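You will see chain A twice below: alongside chain B first, and alongside chain C after that.
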Partner chain A sequence: MVNHPIPSEVASRLRKPKAGHAAVGGRLLSPFTLVLGALIAVAMYFLAQRFIHGLGAVTNINNGYPWGIWVVWDVVIATGFACGGYAMALVVYILNKGEYHHLVRPALTASLFGYSLGGLSVLIDLGRYWNFWHILSPTYAQPGSVMFEVAVCISLYVVVLWIEFSPAFLEHLGMKDVKKTLNKFMFVFIGLGVLLPTMHQSSLGSLLVVFGAQIHPLWQTPLLPLLFLLTAVCMGFAIVILEATLAAVGFKRDIHEELPLLSKIGKIITGILVAYLVIRIGDLIVRGAIFSVFTSGVKSVMFLIEMAAFAYPIAVLSSPTNRRRLSKLLAAAMSMLTGAVLYRIDAFLVAYDTGPGWHYFPSAPEMMVTIGVIAIEVLAYIVFVRKFPILPGHSTTAAAE
Partner chain B sequence: MYDDTEISREIANRFDIERRDFLKFCAAMAATMGLPKGAEAEIVQAITAKERPSVIWLHFQECTGCTESMLRAEHPTIEKLILEIISLDYHETLFAAAGHQVEAAREAAMKKNWGKYVLVVEGAIPIKDGGIYCKVGGKTALQLVKEVAEGAAAVIAIGSCASWGGMPSTPPNPTGSTGVPEILAPKPVVTIPGCPPNPYNFLSTVVHFLTFGALPALDDKGRPKFAYSRLIHENCERRAHFDAGRFALDFGDEGHRKGYCLYKLGCKGPETYANCPSILFNDVGSGSWPVGTGHPCIGCTEKGIGFHKPIHALADLQNQRPPAGYPRVVEEQGTGATLGAIATVAAVGGLAIGAGAKLVGNLGKSESDQDSGKQG
Partner chain C sequence: MTFTRRNFLRAAAGGTAAAAACATLASSPAEARDNKKLPDNAIGLLYDSTLCIGCKACMSGCKDANDLPLEDNIGEKLWDTPLELSGKTYTVIKIYQHGTMENKDKAENGFAHIKRQCLHCVDPSCVSACPVSAMTKHEKTGVVEYNKDACIGCRYCVAACPFGVPQFQYDTPTPQIAKCQLCKHRLAEGKIPACAQQCPTGATIFGTYPQLSAEIERRKAMKAGEPNLFPRRTTDSGDNHERAAAEYVDHVYGQKDAGGTQVRYLSGVPFDKLALPVGLPERSYAADSETLQHTLYGGLILPGVALAGLVAAAWRGSKDHHDDDENHGGHSHG
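Showing the complex of A and B:
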C-alpha cells in the first residue's frame, strides 16, 4: 500500500553502474517504521502540551537550568551527529580525496535531517518562539554574541545543506539542466558547507567558555572550542561508519566494496582522537585540574566513563587487522559516539553548576520528545534512502522492484 | 513678621491650646499646600482674625465618613481648631439641635452672610425622578444645594460622592447620583475626592481660601493641584518592587507578606492621582495608607475607576509598562531525577547498548565464519 514503486523508466535511469547513486526502493511499512511512528506520535502529544501549556508543563528546566536535554541533545549533540556531511566534505573536497565521493551523499542526507531538526528543536525550546525570526533579521543582530554565531551558522548551514543535497532531488525529478547550472556554482556551497559547521561547532564550546566558573574545571578550558570541533569531526566520521553498517544490515546490502574506505576512516578517527586526548589531558595537567579527576563525585565518574569511551576506539583501531573488520569498526565508532555524546552532556549539564539549590534532570515527557525527534530523523532517512538515489548504487538488490 | 506676643495671647484666649502647637499647625498647612516661606505667618494672621467665615455643611447621599475622617485627624487640637477657625453654622452630624430649629439656623446664617459664606457638600445628589431619593426638611437634595450655593462665596465638594457621584453612583446607579460640579455648573466647585479624603487636603484648601481670599490652583476636575497632581504609582513606597518585577500574586502569599507591589492584585495606583503615599493618614507614621497596609489602591479619587472598575481589575498604566513575564515569588529550582525519568534513561540506554552489542556480536560472528570458511 505505502509501497510506491519507482516508475520503471526512472528506475532504469537511476540504476547506473558503479559509483553512481540509486534508490534502495522497497516497502516503507515495517514493524520498525511502525515503532518509529508510534514514538513520533508520543512526542507530538507532549509537544502539543508544550505549546498549549508552556515549557514548564513538559520540561524540568528552570531559571537556573534554562537549557535542558532539548538543547543539549537535539541541538548540541544532534548537530554533532549531523557532522557526517561536514567530515566527508572536508575529506573529499578540501583534502581532495575523490575515492570517498560516493559516501558523501548518504552522509549529507543524515546531516540534512540532523541540522534541519536541530534548527526546529531550537524553536521548540525557545520560551517565546514567535520571536524566532529575530535571529534572521539584521536589525536584531548582536554580532558580539556567541549565541548569535551559533544561530546564524546553523540557520545558514541548513539552507546550504538543502542546496548541496538538491542534486538528488533534481536527478529524481529529471531536471538535468537545473542540476547542470547548479553544479557550476556548487563549489561555493561546498565551501560554505565546510566553513559554517567549523564556525559553529567550535562556538558550541565558546558558549561554555562564557559561563566561566559555573562549568567544572574538568571541562572548563579556553580550549573548549577546539575540543568541540575535534569531537564534532570525529563524530562525523564515526557516524559515516555507523550509517554504512546500519544501512548494510537494515537494507541487506553488500558492504564489501565500501569496507576499505571505512577502514581508512577508522584510521582518521584514531588520529584525531589521539590528538584530542593529548590536548585534553595536557590541558588538564597544565591547568592543574587533573587533581580533581577522582575527587569530584558524580562528575569524576562521568569524566572517567567519557575518557574510557574515547580511549577504547584508539585501542581497537590502532591494529590494522581490527580496522578491516566491520564489527570492530562499528564497536569503535559506537564507543566514540558514546564518548562524544557524554562529553557534550557532561560539559553542558553535569559540569554546569549555577549555584546552590538548583537541580535539573530531564523529565520523562521531555525525553520522549527527544526520542521522537530522533525517530523522525531515522524515519526520514529510511524514506529518503528508499525513494531517492542516495546510497552508492553498486549493490542495489532486487529491493528496487 | 507677625507679633509673637499678641498671637500667643490670642491663641491662649480663643483656642485653649499651646501657642507652639498652633504655630506648628499653621506651618504644617503651609507645607501641605507647598506655599512659599513666610506663608505660615499669613495663615496665623488669617486664623486669628476675629471675623470667622460662616460655613454651611450639607449632607446628602453619603456615609459621613468624610466628617468622621475630619474629626479623627490626629493633630491633638485639629477638630478644635477647625471648629474655632470657622463659624460652622450648619452641620447635621455635629449639631445638637434638630428638625425645623436647625433648618432655621441655616436660613438665618445664609441671610446674614449672603455672598460670603462657604458651602461644603458631603455626599452625592440623586437627580432621577426629580431627586426624590434624598430629602432633608421636606426639600430634595437638588433644591437644597442649588438654594444654598446661590449665596456662597465658594463651594467645596468633599469626598468622592460629592465630587463625582462616588459610591452611590456605582453602576447601574439606580438613583441617578451625581456630583456637585455637574449640578452647579458653570459655578466653579473645588472637589476634594477620596473615600474618605485626607482631612489635610480639605483643611489646606479652606485655610488657603481664608488666607488669600481665593481658591488654590485646580486641575480640570476641580481638584487642588497641590494634592492631586501626581500619580500614586510614582510616589509609592512599593514602586521599587514594581520596577524589579516582584509582585504579590495572592493575598497572604509570600510576596504579599514581604511587601511586594500590589499591581497584580488590582492596585489602581498607576492610574490614580492623589497624595496618599506622601502625606499618609492619621499621623501615625509610615505605612498608614491603604497600599502601605497591604491593600491595593481602589482608585477612590478618580471618576470612572473608584467604585466603577472591579477591585481586582488591572490598572491601565499611564507611563511605565511592566515586563511581559514576571519572576515567580517562589522560584522553582528543579527536583532532580524522578523514578520515571531514570526508568526512561535506563530503558533507552539499555536498549541502545544492547542493540549495539548484539549488532557487533552478529557481525563478528559472520566475519569469523567467513574467515574460517576461507581457511577451510
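Showing the complex of A and C:
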C-alpha cells in the first residue's frame, strides 16, 4: 500500500533533495519478531537431530534425489533472492545510473544475509561438513568441477558483500577515517561484487550440465548458465521492488520518493524478461525440444506455468501507466519471482529423473529448517535496518515513535 | 571534460565486452575438451548376463572383502537382501522377469540377471563433478577411487552419475560415499576383485581392458547353442567350463555408452530391460561440462578481462556520484 505523503513532509524533502541513509529505530521486540524467534528455535531442534543422527533423520533426500530443498531452496534459490545487491550495483555503478543509489544499501543488506545464510546452509547440508574447508584448499581443489567454482565464488562474494556493506557499520561505530579510506577503494569491491555473482549465478545452472540426460530436455541445455544468470537478475530486481514495498509497509515509511526509480527498474525488467523468453524458447526450437512442451505430463505443466509467470510481467510492465503504479509493479515483480523460483525448482528437482522408483518431497522437519533459516534472515534484516543506517533517510511515522 | 572522459570510458567498457565475446568464441574450439582416453594399463570386469545363475556369491564376496554390513529390506531377517545399491551395498544382482519366465536370457516370457556396480567410466561424471578430488580416476589402472578423508559430502557425484552408482549414507552423522572401487585393496595385494574371485560360472571375470575386449569378440563370434569354453575369474585362468553359447544382443554395454566404461556387459536381452540407461551419448557428460567451464573460465582470462572492465566502470560510476553519506552528517541513528 502507498502511504500518501503529508504535504509538509513533501516540502521538507524538497528542501533537502539528497537524503542519506538513516536507522529506522524502534523496538526490536514485537509479536512478529517473537514468532520469528520461535520458528528459529524449532529449526534448531531439528538441526540438532540432523547432526546427531544424520541427514536421513530429518530430510527425505535419498540416493535418487540427493539434493533436496536445503540445496535447491536454501542455496540455489536463496542466493537468487539475494541478487538485489548485484542487480542494483549493475545499474548504479556499471550502467552509471546513479539516481538509483539510495536503493543500493537496502538491497545490499538483503544480499548480505541471503548469501551469508546460503553459505551457512551449505554447512548444514554437507554430509562431511568438518571437511568443508577442502573446497578452498589448493591441496584438494578440483578446478574442473562446477561445484568448486560455485563454492569459491560464493565464498569470495560473501566477503566482498561484507566489505561493500561495512560503511554502514563504520558509520555507526564512528570510524570516519577508515570509512573514508575504504570508500576510496570501494570501486574495486564493487567491480568484484558484480563479477562474482555473474560467475556463480550462471554456474548454478552449469551444475546441471554434467547430469546430462537425467535432466529433461525442456531444461537441459548448454545455455543453462545464461538462463540462470538472467533469472538471477530478474530475482534481484523483483526483490528490490518487494523489499521497498515491505519496508514501506512494515516500517510505515513513505515510498513516494522511491516510486519513480522503481518504475524505471520496471522498464529494465521488461527488457530482461523479453530477452529471457526469446533465448529460452529459441533454444528449445533449435534443439528440437519444443515438441515436448505439451507431451511431458507434469513437466509440461510446470514448464507452462513458468512461461506464464514470465510472460505476465511483460504484459503488465510494457504499459508506462502500469509502471508508475506500485500495485502493478509489485504484481509483476511477484509473478517474475515466482517464474524464476519455479525455473530453479523445476531445473533441479522436477526435470531431474534418475530412474524409476525414486521420489522426493521435503519432509515437514526439513521444511521447518528452511523456514527457520528464512526467519533468521528476516530477523537479522529487521535488527539491522532498525539499528544501522540502511534505508533511505526519509522515514515518517517510525521516527516519531 | 567529464563528458569526454565518460564517453571514453564507456567506449573502453564496450571494447572490453567485445574483446571478451571474441575471446569466448575464439577460445572455444581450442579449449573444447574431448572424452578422456582409456589409461594404458586399464583393467576392468566383464559381466556376461547369460552366464549368471543369480547365486549372489559375488554380493557375499563383496560384502566380505569390503567389510560391509548386511541389510534387510524385506523384513524376513533371513538373508542379506539389498534391493539396489545402497550405502551398505557396492554390488547387487537384480533380475528381469517377463510373463511365464520360462526362457533364460529371452525378453519374451523370460528372465535375465544383471549385476549392478560401479562401471568405472573412462571419463567419469563423478570425478568431474567432485569439487575436492575425493573421487579420482587412477591414472594407470583407471579404477575410480573414493577418498573419504577428502570428501565433504556434497553428493554432487551421487546426483551426477548417469548410472546411479555412488550411494550416500543418510543414516549416520559421519556419512561416506559407498561405491565399488574394484577392490583396490585386493589389487594392491595382487588379488583380483572379490566378485570375480567368487563367481562360480565366470559370469563376472576380471582382466585387462584388451583381454576383456578380446573375450567379448570371441563370445560374440560364437554360434548360439553350440558348446564353448568359458573361463572363470580371469580370462587366462585356465579354469574353464563348457556350455552352450547364448544368443547375445548386438549392444556391448559400456563399449561406448557415456564415453565408455571399464566394466562392460554382455546380455541376451536388450539393456533397457535390465534397468541400465540406454541411448547415452558417446561423448561423455564430463567433457560437455568441462568444455563449458574451460570456455568460460580457462586461465581465468575472461573473468580477468571482465573484472578490469567492471572495475573501470565502477570507478567511473563512483566518481560521478560519490557516496552521498558524506553529505548528511546531521542524521540521527536512533
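Just so we're on the same page, the second predicted complex is superposed on the first by the 378 of 401 C-alpha atoms of A that agree within 3 Å, B and C clash if a C-alpha of one lies under 4 Å from a C-alpha of the other, contacts with A are read in each partner's own complex, and residues count from 1 in each chain.
Definition applied: contacts are C-beta pairs under 8 Å (C-beta built on N, C-alpha and C of every residue); 3 or more make two chains touch, one makes a residue touch a chain.
Source: prediction; values computed, not measured.
J.: In the superposition on chain A, see if there is space for chain B and chain C together, and answer fit or clash.
T.: Aligned on chain A, chain C clashes with chain B.
J.: With both structures fitted on chain A, tell me whether chain B or chain C touches more of chain A's residues.
T.: The partner with more contacted residues on chain A is C.
J.: Classify the contacts of A:Asn63 with the two partner chains as first (chain B alone), second (chain C alone), both, or neither.
T.: Both partners.
J.: Looking at A:Met334 after the superposition, I want to know if it touches chain B, chain C, both of them or none. Which is it: first, second, both, neither?
T.: Only chain B is touched by A:Met334; chain C is not.
J.: Considering only touches as defined above, state whether A:Val210 meets chain B (first), chain C (second), both or neither.
T.: second
J.: According to the stated criteria, A:Ala364 is in contact with first (chain B), second (chain C), both, or neither; which is it?
T.: In the superposition, A:Ala364 touches chain B alone.
J.: Kindly classify A:Leu326 by the partners it touches after superposition: chain B alone (first), chain C alone (second), both, or neither?
T.: first
J.: I'd like to know which partner A:Thr245 touches here: chain B for first, chain C for second, both or neither.
T.: It touches chain B, and chain C stays clear.
J.: Based on the superposed arrangement, let me know which partner A:Phe32 touches: chain B (first), chain C (second), both, or neither?
T.: Touch partners of A:Phe32: none, neither chain B nor chain C.
J.: Who does A:Phe294 touch here: chain B (first), chain C (second), both, or neither?
T.: Neither partner.
J.: Looking at the overlay, which bit of chain B runs into chain C, 112-120, 130-138, 184-192 or 256-264?
T.: The listed stretch with clashing C-alpha atoms is 256-264.
J.: Pick out the shared contact residues on chain A: the ones touching chain B in one complex and chain C in the other.
T.: The overlap between the chain B and chain C interfaces on chain A comprises residues 56, 61-64, 357.
J.: With touch defined as at the start, can you tell me which chain B residues reach chain A in the complex?
T.: Contacts found on chain B: 327, 331-338, 340-341, 343-345, 348, 356, 359-361, 363-364, 367.
J.: Can you check the complex and tell me which residues of chain A touch chain C?
T.: 18-23, 25, 51-57, 59, 61-64, 66-67, 89, 92-94, 96, 98, 101-102, 125-129, 131-132, 134-135, 140-142, 144-149, 151, 167, 171-172, 183, 186-188, 190-192, 194-195, 198-199, 202, 206-207, 209-214, 222, 225, 352, 354-357, 387-389, 393
J.: Flag every residue of chain A that touches chain B in the complex, lowest number first.
T.: 56, 60-65, 245, 249, 325-328, 330-331, 334, 357-364, 367-368, 371
J.: Which stretch or stretches of chain C touch chain A in the complex?
T.: Result: residues 6, 10, 13, 84-87, 125, 128-134, 148-156, 158-160, 162, 164, 167-176, 258, 275, 277, 279-281, 285-286, 288-290, 292-293, 296-297, 303, 306-307, 310-318, 320-325, 327-328, 331-334 of chain C touch chain A.
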